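The following blocks contain the structures, represented as structure tokens.
Two complexes follow with chain A in common, the first pairing it with chain B and the second with chain C.
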Partner chain A sequence: MDLHDIALTVGNSGLGEWMRTNVRAMPIVEALHVIAAATVFGTVLVVDLRLLGLPDLKRTVTRVSGEMLHFTWAAFGLAVITGVMMFAANANTYYGNTAFRIKLLALAAAGANMALFHFGAFRTVAQWDSKQVSPRAAKVAAALSILLWVGVIFVARWIGFTKGYDFAVPDNIDLDLTIP
Partner chain B sequence: MNTTSRFRRISVAALLIGAAAAMPALAHHSFAIFNMEQTRVFTGVVTRINPDANHLQIFFAPMNEERKGVLRSEDGKPVVWAVEMAGSAQAATQGVSVSSLPPGTYISVALHPLRSGEAAGSRAETGAIFRCPDKKAPEAGKHCDSVEGRLAFGEGALAQPKN
Partner chain C sequence: MEHFAQWLQATPLSILIQSTSWLIPLLQSIHIVMIGVVFVAVLLLVLRVLGVARTDEPESVVWARFAPWIKRSVSVLALTGLVLIISEPVREFTAVSFWLKMLLLALGIASIAALGSALRRDAAASRPLAVFTLLLWLAVIFLGRAIAYDVEVWGALSFKA
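Let's turn to the complex of A and B:
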């Protein structure tokens, strides 16, 4: 079972059918996805800016990240759930959509960047927790994080305007009108 | 402000929100990109359905006049047209869905073509989509609405070609 099969299975599921045929489902789920994305980006941005030495420096890095990350993870969970729901509504089309694929790659890159920071520069945080200037590695991670999340939002919005008109004909369709 | 008038205000606000929520079904963008004066009627083989939340699209390969094959360009590739309509959930209320019109199905549909000349059009106010029984093409020059056992998705007869 390859990725396309998995996408088709998700699309053909009861969830997909419900999302496609319920007049209120898509607008509500879409709104929740926007709220989730705004919360993820907003809280990540506060932490990244602190690492870059911009917001309220009276707060230590660990305090800012400690306060924000609960919201980040909760909102990310909501974003994944609502994202899967929207994907299920039209899985085959999203699967082949370039903007959608770039979005997933950008998300993976943002996650990898976060993990690298967490297991790298962040381990020595005790030494620079209350300082305005973070180590270079932390600042690079923060700047990259902002860029990647902005990228995620941009390509995500692109999906909605590039998912139409695909005139390609699948191979398995009989166009010679053979009578069985 | 007393309780009654506050309640009234909240009720009015709730009504307005409810009305706004119902609006997308009624008022949408203009149809300026389509030539609404022109109507083309096709019978063809469904190649793909894109159940988009904003505009469901059906892609199909139109049959030739004899209904013995599909139209092909000079290089032998099938010509493919797209017809688009309301969002997938609205279309589902007429029975139009990925499962009711799977690839390979024979359908007849009337559409207003794009002004740009691209092979696509709008189904707005062109009557029902008719589905032929499996593997039963209509007689030459005719459409699925003439075939016994056909299904209709939506209201009204198949629109007549115009201009």
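Let's turn to the complex of A and C:
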């Protein structure tokens, strides 16, 4: 079973069918996805700005990050659930969509950057927790994090303008409805 | 309003924006990034009023920390939103979600200002008002996405139905 088979299984599942047959499902799920993505980006931004030494300098890095991370993870969970629901509605077209693939890569890069920071620079946080200036490695991770998450949002929005196909499709034709 | 929308959609400025293929996705992306900034700033102000987050800081400090971010991001949202309206006025002005969004947006801004007038003086801000503010902003984001689905969301109530 390769990735394409998994995509087709998700698309043909009851969830996919439910997403396609309920007219209000897509707008509601998309709106929740925007709210989740906005919360992930905003909360990550608060931590990244602290690491870059912009605001919140009177509070320790761990205080700021500890407070924000609950919200980041909860919102990320909601984004994954709503993302899978949107994917299930049109799994086959998303599977072959370049913008969608780039988005997943950007997401993976943002996750890898976060992991590298967590298991790298963050291990010595006790030494610089209350300092206004973070080590260079932490600043680089924070700057990369902002760029990658903004990138994720940009490519994600781009998916909606590709109509799922990599060739030009006239605006008045919705190929999604003609291919099962 | 219908005539105005059609006139606006036919202006050279509107046509220029419509025909620049990358401009609308770019503006929408900037709009979403700024929604992240304003929403989390509002969320943290509300959580401070409810005593959930940033309780180590006085209300006035939390207000001073986030109010400038709210003002700047709302300005960028208004600007990108305005260009998006100019590019597709018929789509916006015929959507129930658009008008409802504008109404709740005005209430949402007034509601932050009301919270701010208490927070700035370190006076206890109203908790129900804080919860109401958060709900207003959630509704504004929801309605923004719903503009593209007016008939699906509003059914017979939609002007497009």
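The rule we apply is simple: the second predicted complex is superposed on the first by the 163 of 180 C-alpha atoms of A that agree within 3 Å, B and C clash if a C-alpha of one lies under 4 Å from a C-alpha of the other, contacts with A are read in each partner's own complex, and residues count from 1 in each chain.
As a convention for this text, contacts are C-beta pairs under 8 Å (C-beta built on N, C-alpha and C of every residue); 3 or more make two chains touch, one makes a residue touch a chain.
All values derive from a computational prediction rather than experimental measurement.
Of the two partner chains placed by the overlay, only chain B lies in contact with A:Thr21; chain C stays clear of it.
Contacts of A:Asn90 after superposition: chain B is touched, whereas chain C is not reached.
Once the two complexes are laid over each other on the shared chain, residue contacts for A:Val46 go to chain C alone; chain B is not touched.
In the superposition on chain A, A:Arg157 makes contact with chain C only, while chain B stays out of contact range. Overlap of the chain B and chain C contact sets on chain A: residues 23-24, 26-27, 30. Here chain A touches chain C in the complex through residues 23-24, 26-27, 30-31, 34-35, 37-43, 45-46, 55-56, 59, 63, 67, 71, 150, 153-154, 157-158, 160-161, going by the rule given at the top. Touching chain A in their complex are the following residues of chain C: 24-26, 28-29, 32-33, 35-37, 39-41, 43-44, 53-54, 56-57, 65, 138, 141-142, 144-146, 148-149, 152-153.
Contacts from chain A toward chain B in the complex involve residues 17, 20-27, 30, 89-90, 93, 163-170, 172-177, 179-180. Of all residues in chain B, those touching chain A in their complex are 21, 24-25, 45, 47-48, 50-53, 55, 57, 59, 61, 63, 67-70, 78, 80, 82, 84, 87-90, 92-93, 97-99, 103-104, 118-120, 135, 137.
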